[in-house]
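The structure under discussion is supplied below as structure tokens; questions concerning it will follow.
By letter and in written order, the chains are A, B, C, D and E; residue numbering begins at 1 in each of them.
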Amino acid sequence: MFKYKRTGIRNLAIALIFTVAIIALGAILDPYNQGQLAVVSMLFIGVLSVTLLTGTSGQISLGQGALMAVGGYASALTILNLGLSIWFALVMAIIVSALAGLLLGFAAARLTGPYLAGTTLVLALALPSLAIRFESVLGGDVGLNVDFGNPPAWLVSAFGEIGYEQWQLYATVPLTCLALLATANILSSRTGRMWRAIRDHESAASLMGINVSNNKIFTFVVSSGFAGLSGALYGLRGIVGPSVYPISLSLLLLTGAILGGLRSIAGALIGSALVVFLPDLIEWATRPLALSEQIGNYLPGLIGGVLLHLTVILNPGGIAHALHRHKNK
Amino acid sequence: MDTALTTLFLGTTRGAVFALVAMGLVLVWRGAGIVNFAQMGQAMFSTYIASSLIISGHGYWFAFATALIAGALLGALVDVAVMRPLTKRSHSGILASESMRATVPVIASLGILGILQSLAGMLWAAEERGFPSPVSDVAVKAFGKTAPFTNFDLFIIIVVLLTLAATTLFFTKTGMGLAMRATALNPEVARLSGIRIGRVRTLSWAISGVASSLAGLLITPSANLSPNTLDLILIVGFTAAVVGGLESLPGSVVGGFILGLLIAVVNVYDAPDDVFLALLIFLLVVLIVKPGGLFGSKRVRNV
Amino acid sequence: MLEIRNLIASYGPVLAIRDISFTADAGKITTVIGANGAGKSTLLRVISGLEPATSGSITWQGHSLLNKTPEAIVRLGVAHVPEGHAVIASLTVAENIEMGALFRRRAHKQDVRVAISEMYALFPRLEERRNQLAGTLSGGERQMLAISRALVSRPSLLLLDEPSLGLAPLVVEQIIATIKQLCISTGLSVLLVEQNANTALAVADHGVLLSLGSVVADQPASLMRADSALRSAYLGY
Amino acid sequence: PANAASDPGVTDTEIVLGMQLPQSGPASPGYNKVDDAMRAYFDYVNSKGGVNGRMIRLEVKDDAYKAGLTVSTASSLINKEKVFAFVGSVGTQTHISVIKDINRRGIPDIFVNSGYSGFYTDPKKYPNSFGDLGTYVVEAKILGKYLKETYGDKKIGILYQTDDFGRNAVAGFATAGLKFTPKETAATFIAGTQGSLGLVSQMSQLKAAGVEVVIIAAVSSASAVAISTAAKIGYAPKKWAIISVGADATTIQGLLYAGGVPFATSAAMLTGVISASHAPAAGDSSDEFVTAFKKINDDFNKGPSKAWDNNVLQGMNTAYLTTEALFGVGKNLTRKALVSYLETKGSSLSSAALVPLGYSKATHEAYTGFWVGAYDASTVLKPVGTDRVVYTTDSGSGPVTVSTYKRPAMPVDALPKGA
Amino acid sequence: MKENSLLSVANLSVNFGGLNALSDVFLQVNANEVVGLIGPNGAGKTTLFNAISGLVKPSQGTIALHGEKISWPEPHQLSKLAIARTLQGVGLFAGLTVLENVMMGADRHRSSHFFRDIAGLSSRDEARLRERGMQALAWTGAHTFADKFPDQLTYPDSKRVALARALVLEPALLLLDEPAAGLGHDDIEKLATLIKQIKSKCAVLVVEHHVDFVSKISDRVYVLNFGKVISSGTFGEVKLNPEVISAYLGASNDSGTSSLGGK
């Protein structure tokens, strides 16, 4: 029994180790890969939102990209219109996207499987047209310019010259760490257990006194908060606009979650790294073949599709599951 | 008045194509219990095949028939290569819960979509293409006035209604139709009843492949063909299918026409920018008011 | 004659059937009894092709049933009513019954119609509910439907997995009587799996007692019924 | 801060340039030819010994028109490929996501293939970014003036895509005095949707409103759909006018051909259609630039489709300008030097264009002039009058005047050595 | 109506379209009493359960708990009303361990909430739930496989877990729908013993076709036929009722029940 008492501390330790590892890795990588690692950290949060929503509570969303967009716009508007710092903007992003998740959740709670998938897909499609509809506020298709700005002076004086990509990474990692910790805590506590129960057997869960529809909505809210944070960070790389959050972004998150392992945090990390580095990997591997551009450009899409397909057929638990069978079931 | 009439016709003809897409979705749903998000990828692929044939000098109807056959083959291929292995998996681990069993095929079909679009990109991406229509696509003239629809529009509507009639009869009146429904609903019991579920499933995928290829062939003449153009149609078609209840073929057709009209009305009386927003709102309203769709069976409270 | 030789089957690492051999005579009721988890249902599932066998042989009237799909096995005249209420909830009662006869609909059009009406005669309750969705039937009604679905294919071998489950005593009696009747009049062979050893042995001609996936007794039902030592050793009473 | 010794991407033997554009995905058709054309021209330059002994290498990254990806591909070009400068990047929405970063790093961002005026009109904001197209506003002002003068008595309407391109065009027409009423003489659609949803309601709307002159501010694939749709619904406006981006005859005819419209028919449909250009028409075989570029394209283009069209001409011209500027800066090639060269001498760079670049310390707008033409029966854009009159104006509210620029002749080896 | 009755159903009718699944049903369950509900297939037993647990809406009549009328409760409110119900079949959560399954039932006694969970501050509460879960498992004799997953259990064992999960809710009324179905003789015996023990904790209403089992465990039984109560009383009383014999037990009652219903 004793070991259970310490899950909170164990999770904290894991999150801190993760942070230190990423920061250390960031220090030795070249700027391009620092940037890529920053994207991994950002999308990791987004993939965690899928882990929570789909892996834990069994609801599928093809519209996480749209919720990322909500977070992105909320933070951009906070920065540009209220003149507040990016940290405050990120909090706003979480709050506003969680509210959007609440709205969506009301519909989602009544839907299952393919219905939910399709509805969220329509959402992903429809949301960008809001940017055009309310062009004066949301900047139309040109979007809103925001960025991470420059690293604070104390950081530079402590660590010396910090490149832009490196700063993106360092600014993101603490938030990723928090998201990781929060997810780990949710999964190892009653909340996560409750969501899993709903996923496995709705009516049995309701007989246990769980208000199934409220909890499904709530899962959407929490997951949307994660997605919003991820989207805000993603937008801070340069711009918040419709072309930053296309439908394919939602699919990218899902792909990452599936490839890595839908039910585990490690899987989410592996999956995010995979989707970000896959194109680089493919390019590196096919360079000797001197493929034509037309083939080369579509190759990541093809291989991504094939991987997704093979994972689902051969190993639906994803890489994490293959590495560590029977855990995090 | 004139505008209203135009809107009505526009909505009806567009709606007919959406109906066809929705029917393709419903066919697979009823035959295999899966919503096939790769469907318009398949349609795109077979339309490209037709287009390449036409460009290289073959006749339209030859290309048309080839595309339908290609659609059927692609549908069958998707079934054999993807969905069969998926259904053979034991229901343990991640597939232990029903919600995941409903989710995983969706993901698999998205994988197929990615593969098809990338392949089409590699093969044909250099430019966007037009696509010809089989019958005169020029506004019908009567009593010295131009009607707001073309022969091709009439052709589409007739094709859709015929397809609806044929498939409805097929499902409700034939043994194969019953076999398909049984297979989708409970494969184990179906097999124990002597139904060859492998064949039945493949057949329903093939039929759906034909329906969606047909949709591809009929929609591209009024638009263009590129690896991604049919994505939007799929989303509209999906919405139509859900509005119709996903179970019911007539429902999907009605859903298609409703959405065609909705989109026409938004286009004409509001702004095209709002089409997808309108789609989302409409879908949400339908699902909240009638979660099973307009024609879906009422879901009972159940433990 | 159903002949099973050295049959082994497992679920992954779990060995559910370890080396089973016995024969079931044509036109007779053979009952397979045993405690929970003895492997009774697995045995039936292997015979009907739902689960693969690891090794061994199963032959029915000279046809090997091994490595055949369930749908092929049904066509050899082997019908299986699995555990639980195996009906299709979203189809109507009539459609469920019709489904059982689908594969014979071309070759035996006339007879299928007759078979269907026989089922309604057997279970009038189902006729009343013809157009109701099977999912809204009561538990017992569903079991009746499952049995009808199997019988309507005019099987020569019927695999029944706990048919009494959820049925009122009266109905159980009636079903057993019907099956017995069919055995006599049409030469139907039955492999009956039951928890309820007494009921089963009372109607069966022959009994096979399983324990932990192996056959521990294989003898005429009347003998087995009388053997209280056997019962208390393997069935707990 | 760049200095001669340490500027990346330049060695004694090589200059590395970077470009990003949508080569795959929904936004790629047409544009995916620009990079192949540029590379063909650079290969030609290299075959002639390069620029001051340096071979030009063009690194191209596909961003699939996803701005999120653009940030990564830009970083890859900067940090991995270590490009000296960005050249000819395509895509307004995607370029916005990186323009600030590129400028902050002091990397030249030259000949950007976007007509969005926001990139160029304030050099203090983006000191290193220079345009390559005339802005949509300029073109619309000039085209608008012509249409108003010629068809002022007719009902004029517009079909435009609701993005910066369409809206800039509408703004330009408004400056020229052409105003449109939404839902009546102005029809809109979301960029990219015409490929799947068609434009029937838009064309029906214009028809119902009795529009006699239809302006199209959309990409070529949409123009093709618009024109063929109008034919289908029995709508025959007296005049079509298409903004140059959407008026590539080759693309339109190709689309229509695949749609079963023979080239002869589509040529007839296009005959008389009005458009504008800052350069000679792609089909103008009497133009020395066109013939020279066409030959280079035939000899050097290795892309999947090297069919000659406006996109190829545009790519060739961009590469030509780039070569000219690199020669112009001279042996001591630094980023600072390139930027200051373009700012001070850029306006005297010559190219196929019939107007000079508008570069100055005050603005980095590219071409400030257009000539108005109409397609002839062989789908070559011909001046509307007897002579080609090039007009010039700015992206603001300045007047439209006749340009006096005379394009310098092309060097015989098609290699510009700098202004 | 008796004062001390825990559950009292009065005058209850349920219709499905034209079908009267229940008509004018009166039924009472007192505290610490096991009441059996028997009747032919389709008599309306499950429907009565469904009405009590809010899954079908009665067309008339009242259902009262501790004398207070309840109507159309949402399934998740049942546990607040101190009603627990097992599912026909088993209905365990496949992705949760046995212990976690039971901890779900203990949830009613939690003191943690989302924000404490997300901050990682609920380990003490977890420990408490775990302890309760283990107790309940021990009660039904299922504690030895606390860390297994449901698909690793035998059928009788998973039934035990399901029972533990219902008991840990500490219900006042436990509804059991065919708990003995599919169980072997031994396990039925054990279940019967268990239910007799449960009686000290709560009242039990049980639907079962296993007549022997019903006779063994129930203090009183109600017999339903065609939606109506045709008889009630101790099992010994009702089994002599000719109507019950002809509708349910069968004519061969004396010899038959023993052979059909077990030993």
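To be clear about the criterion, contacts are C-beta pairs under 8 Å (C-beta built on N, C-alpha and C of every residue); 3 or more make two chains touch, one makes a residue touch a chain.
For each chain, UniProt lists the protein as follows: C = Unannotated protein.
These figures come from a predicted structure and were not determined experimentally.
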| item | value |
| --- | --- |
| Touching chain A and also chain B, the following chains | D, E |
| Reaching chain D from chain C through chains that touch each other, fewest steps | 2 |
| From chain B, the most remote chain by mean C-alpha position | E |
| Between A-D and B-C, the pair with more C-beta contacts | A-D |
| Greatest separation from chain A - chain, by CA centre | C |
| Approximate Å spacing (C-alpha centroids) for the pair chain B, chain D | 38 |
| Length of the line joining the C-alpha centres of chain C and chain E, rounded to whole Å | 29 |
| Whole-Å gap between the CA centroids of chain A and chain E | 43 |
| Chain E: positions in contact with at least two other chains | 53, 75, 85, 87, 91, 94-95 |
| Multi-partner residues of chain A (each touching 2 or more other chains) | 129, 132, 199-201, 203-204, 206-207, 263, 294, 297-298, 301, 329 |
| Set of chain B residues in contact with two or more other chains | 96-97, 121, 125-126, 231-232, 273, 275, 302-303 |
| Chain pairs that touch, as defined at the top of this document | A-B, A-D, A-E, B-C, B-D, B-E, C-E |
| Contact footprint of chain C on chain E as seen in their complex | 16, 39-43, 45-46, 88-89, 154-156, 178, 181-187, 189, 209, 211, 247-250, 252, 256-263 |
| Touching residues (chain side chain B, partner chain C) in the complex | 175, 178-179, 181-182, 185-186, 188-198, 297, 300 |
| Residues of chain B defined as touching chain D within the complex | 2-3, 6-7, 10, 14, 51, 54-55, 60, 121, 125-133, 137-139, 141, 146, 148, 150, 152, 219, 221-233, 263-264, 267-269, 271-273, 275 |
| Of chain C, residues touching chain E in the complex | 35-37, 83-84, 125, 136-141, 143-144, 162, 164-173, 195-199, 202, 235-237 |
| Of all residues in chain B, those that touch chain A in their complex | 29, 34-35, 37, 82, 85-86, 89, 93-97, 99-100, 102-104, 106-108, 110-119, 121-122, 125-126, 231-232, 235, 238-239, 242, 246, 273-277, 279-280, 283-284, 287-288, 291, 302-303 |
